[in-house]
Amino acid sequence: MNGDALIQAASAIGAGLAMIAGIGAGIGQGFAAGKGAEAVGKQPEAQGVIVRTMLLGAAVAETTGIYGLVIALILLFANPFV
Amino acid sequence: MNGDALIQAASAIGAGLAMIAGIGAGIGQGFAAGKGAEAVGKQPEAQGVIVRTMLLGAAVAETTGIYGLVIALILLFANPFV
Amino acid sequence: MNGDALIQAASAIGAGLAMIAGIGAGIGQGFAAGKGAEAVGKQPEAQGVIVRTMLLGAAVAETTGIYGLVIALILLFANPFV
Amino acid sequence: MNGDALIQAASAIGAGLAMIAGIGAGIGQGFAAGKGAEAVGKQPEAQGVIVRTMLLGAAVAETTGIYGLVIALILLFANPFV
Amino acid sequence: MNGDALIQAASAIGAGLAMIAGIGAGIGQGFAAGKGAEAVGKQPEAQGVIVRTMLLGAAVAETTGIYGLVIALILLFANPFV
């Protein structure tokens, strides 16, 4: 077994681990969706500002999920060790 | 043991780890579905906007689960190391 | 197998582990987004201060996700052991 | 393989593990941000004290995330075993 | 590979694992911060006692995070096995 194979094997595991970060965005954005739907039901006339606030906050929550994706892609396609 | 076997074995583990991200979308979208059903029960006349808001938010929450799926598929079918 | 390969392999796994920190920011910022959408629905005239408070708090919650990203990038591109 | 390589490899994994502590601060500070946005929406005239209390509490919640970062940095740059 | 290297390697991983305890304090203190901000918004004239109570509770919640930090520091700088 040579060293490159070990690094590539570990990178495949590391890429998988990095995606686990996505749990957070999924739960958080789902909570935002639920609260948004509830608020739109109560004040349909405020639908515009409610949905905009929900999507603005969801975009912020998406960031750490994207960080994980970026690290996974770096490990797979721009691995500095290989 | 040769190197390719190790990389393929680790990729199988990495693909499995990446799918753990799906926990988040499952919990979050379920919360959104619950709140949406609750809101439709209270304001049936607002069903249209409630369901649209719920589905819009759920679509956003789906993204990180899809990132995990993409990384898993890359590891399985477009593995850059093999 | 030489020592450098082992260190680089472990760094790839460590980088993936560090990204898991992002779960927190995702859940927390999503909660903030949901509460922000709810509050904007109830007091649309206070939209400005609500969104500013939400984003200020979300920025604070982002910090630990960024710490994880920084450690992952150090492990990949400025690894002190290699 | 010599002993130093093993220690450095384990330190890279340990640094990644230490960052997982950041999950807590992310969730907690996000909750504070959501409650802060909600409170500011209800009492905009009390915005000053609400935001100060939110940030004071968030600073306390940040501490354990910083402990994790400190241990990770010690493992990477001031490792007592290497 | 000698035994001391294995012990030190395992200690580095153990130090990282110990920091994961910080998740709890982060979530708990953030909840306290959110409820504190909410309470200060409702009774701004009681800000003093609210903040003192919040900080007292947060100090208690901090303890387990500090236990994790102490064990990590012992593993790194006062390791009884080396």
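Going in written order, the chains are labelled A, B, C, D and E, and every chain counts its residues from 1.
Following the convention adopted for this analysis, contacts are C-beta pairs under 8 Å (C-beta built on N, C-alpha and C of every residue); 3 or more make two chains touch, one makes a residue touch a chain.
The chain lineup, named per UniProt: A, B, C, D, E = ATP synthase subunit c.
On a predicted model such as this, the values are computed, not experimentally measured, just so you know.
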item: Chains touching both chain A and chain D, listed by label; value: C
item: Chain whose average C-alpha position is farthest from chain A's own; value: E
item: Angular offset of chain A relative to chain E [C-alpha, multiple of 5 degrees]; value: 95
item: CA centroid of chain D to CA centroid of chain E, Å; value: 9
item: Chain B and chain E: spacing of chain centres that average the CA atoms, whole Å; value: 31
item: Touching two or more other chains - residue numbers and ranges from chain E; value: 23, 26, 30
item: Touching residues on chain B, where the partner in the complex is chain A; value: 1-4, 6-7, 9-11, 13-18, 20-36, 38-40, 42-43, 46, 49-51, 53-54, 56-58, 60-65, 67-68, 71-72, 74-75, 79-81
